[in-house]
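Here is the structure we will look at, set down as structure tokens.
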């Protein structure tokens, strides 16, 4: 018997809990040569801003021990081109997709959210309240419960779409920030975004990123991500989407075990473009092996 | 013949041998054959563990038909850091993960053009496949290969298309092999004696250090010769989804960041903001 | 010519900037079979509490990608046995050493500091205001500028020894916490301690650490540590001791380049007991190669 | 002969061969010879990169004199996870980092005692060196080796001290080799028929799964036989500086956490809080 992998994120039902993480999956279509992208629980596209954005100058990426730093700075095609060129093709491919959005001001967040609200095929809006690589907005809102409340509340009023708020790990107490998002109307929280880091070249004496600092992702951050997801799951009632260093089915299962309702796979897509489907198949195989009929029988079942 | 659709393939190392001081030549078997355009590349990994984490971009040096419908692919690489050192330690039989073929290769246009292929350092690995194709087409081409010293030139037997007199020019900065000097200077000297008509029929295909590309690009532009430059940049994905590998390109009045892995690695040299 | 590696931490002069990090070097004597421990800039011993402490139950350690989690819970012999049995032997070995201290209450911190103040051979006291693995004290003080001010001020008044305050990375703005330590009388700040993380076994459905969460250390955290050290160096005037994922001379040089006055080597001692001396020799070789006569000509010289 | 002072050594793999389904036997050369007590171990690493990060503890199986004053050391290991899988992929000539000899080995006391050596699973790797020493001393000993199935018993030719009749008892849980059953049961059956005097002269040296050790320890204690148990635990350093590897020991009325790598790995079984 095929185990039931479907999960609910508030009113939204996904066929399975495996999504791609924003910024690591392009606009989704890039993966069509590799596999049928409609198989994923959802695709979360690269962060969209109101106007197209150039992003930071290169170097934008550096490899670190079991991880990488990026300072892309949200280069993206903007919401209009997304609506005109990308969204219809994602629908044609049968994909379930969510838009990650970003603004320099609250008004810009609202404007992007409003503009996307009319897109019937859009499953959800994920608010990036946590990008460490842009000067304004982004992390500023994500750093305090007050900032998150303000941002979440305003975007909430701007759209009827399911609303996910993506949290920054660069805080002392992520659970209280998640609680603020919950109280202000988020349908789910996703975490973690990248951890701020830095790399320098001791010979050239220069920072390796043009932006000096960047966001750390990949297996290196998994223990931190898992701890934060666990803390947030114990605090909020809304669904939690676990992100951070997930590379294999067992990584994904760990996040589900501590209470995440779904997961997003980021950096792993780079080394292995098949990562998301391999994780999906691995979860299914594990449930079968354990004779679990429903992923709900495993989720959150961490033993004391 | 158009390049295969990109894929993620579980390869297996067939051969991985050192040549000279610093080059390795690696051959891997693939579940299915690949076709590629000269200048296209692969993202290669395969060492165990997550450190290093990211795959390494390597130009596809050759690809062929293996036995029983399987494919093979070859790379030539120089050991410069941890990833290439790890690659050099892998043995026949070891697994190798490959995403390929990637990027936009050289545009080898149609008839009537004359090509100069320029390879600085391990840049030859990117231009040799173009030479092989031009040789098959019996197109008019010459090749310029430069390196710091003798051991860093590719073994002669690797040179595609035979070595008809005057076809392949080798040079070293220390004069230990071929002519004495930088490949840049030698190419620029040859350019200086071209007629206007000759220059306008010339396309340079080049891969090598950025300084080399930049100098040759400037000379080519001032002569009205065409030039396609294969660029390098640090990459995370190699297939256009991370936006990590951008370079600034001139687009009309403005400049924009374009992905080396997707819009490149081969760019019209006039568009690159050097 | 041998380059001059000596560095000053306030009034304290060290023969070189390479120290061992607390908790990864035992009481120092354990390394005597491997090399002459008097060669190090300083040895920082395992965190001492007023009374001997049992620590947490096992499992206490888990390996993670390019890192490890520990939840030792500060098992230690207590300050009295340290004074009676260990300190004299460290002196006999010619070692420069500092005591890392820990208390469950401010009063305990004060008492340990007072008790150590009479030890003439003690180079400095490092206050662990950031241990994530004990229920009380520790991280609580390290989480806010107010907590750090209070703790630093009180220990400052309890001892005339050079005082280093060791900071937690589990905060939103480490520079403001460092500034609070500086204002309250710290002679130096050391950072980072471990980042709180967690690991679970998806098959047994249990946390891998008896304490559930633990502290992440090792190469995985280096980018985060380096960024924090850089931020703190730009904010405070007192010397900064850089810690986190340092394994090689180039790692150490990176921390010096962004402004650290000295470094501590932790987890690297486990895989390679010679790590500290190899780093020391590597720094010296690098300065020689670059024809720098004094480490001061390199320190803080990150180019823009 | 007392064990060498512990050291960190840059070794090089001489031999690394699979035996049966799951065991590997690895020999490395060392700059200088080491002496060790049976039961002592080494922390072994050598794969490139930081993932996995920590070295792996392995019992020293043999150590000898190499040529030209160099030393050699041998290990036997079972591939159970990433670290041992990586080890199994290393080739002769590859470097291997070793910290050794570590911990407190078996106390093989003085005269007049009778020893039973018990190895469950790969636990034989820890007790064989003790058997070799007892055989050299012509001490009175028997050995009990158990595993799940035939392929998981050590190859017979590895057994130290020859196989005088009745000296080595092999058993498998599935009966595919040796006698049928768990080594625990077989040892307990043999204990049941000992006289009090015999029991008081008996010392059991055991290494294997915790459940096995615990059951045998309980039986030994109730008979008044001595037992030294070689424990395992996850380790970061292996030489007593991280406090990561502790087990609870009974110390008078209280219990205390003691380091497996320093106060152990061999403990008096009566003191262990099982």
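In this document, chain identifiers A, B, C and D correspond to the written order of the chains, with residue numbering beginning at 1 in each.
In this section, contacts are C-beta pairs under 8 Å (C-beta built on N, C-alpha and C of every residue); 3 or more make two chains touch, one makes a residue touch a chain.
Please read all numbers here as calculations on a predicted model, not as lab measurements.
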| task | Could you name all chains that are in contact with chain A and with chain D at the same time? | result | B, C
| message | Of the pairs C-D and B-C, which shows more C-beta pairs in contact? | response | C-D
| request: Calculate how many whole Å lie between the centre of chain A and the centre of chain B, each centre taken as the average of the chain's C-alpha atoms. | output: 36
| query | Could you state the distance in Å from the CA-based centre of chain B to that of chain C? | reply | 47
| Which residues of chain B are in contact with two or more other chains? | 49-52
| Touching two or more other chains - residues of chain A | 64-67, 218-220
| Among line, ring, star, complete and other, which best matches the way these chains touch? | complete
| Inside the complex, what are the residues of chain C that reach chain A? | 64-67, 69, 143-144, 170-172, 195-200, 202, 204-207, 213, 216, 218-224, 226-227, 230, 245, 250, 253-254, 257-258, 286, 301-303
| field | Interface residues, chain C side, partner chain D - complex | value | 23-26, 30-31, 33-34, 46, 54-55, 57-68, 70, 72, 75, 218-220, 247, 267, 269-274
| Touching residues on chain C, where the partner in the complex is chain B | 65-66, 219
| Footprint of chain D on chain B - complex, ascending | 47-52, 82, 85-86, 89, 91, 94
| chain C-facing residues of chain B, complex | 50-51
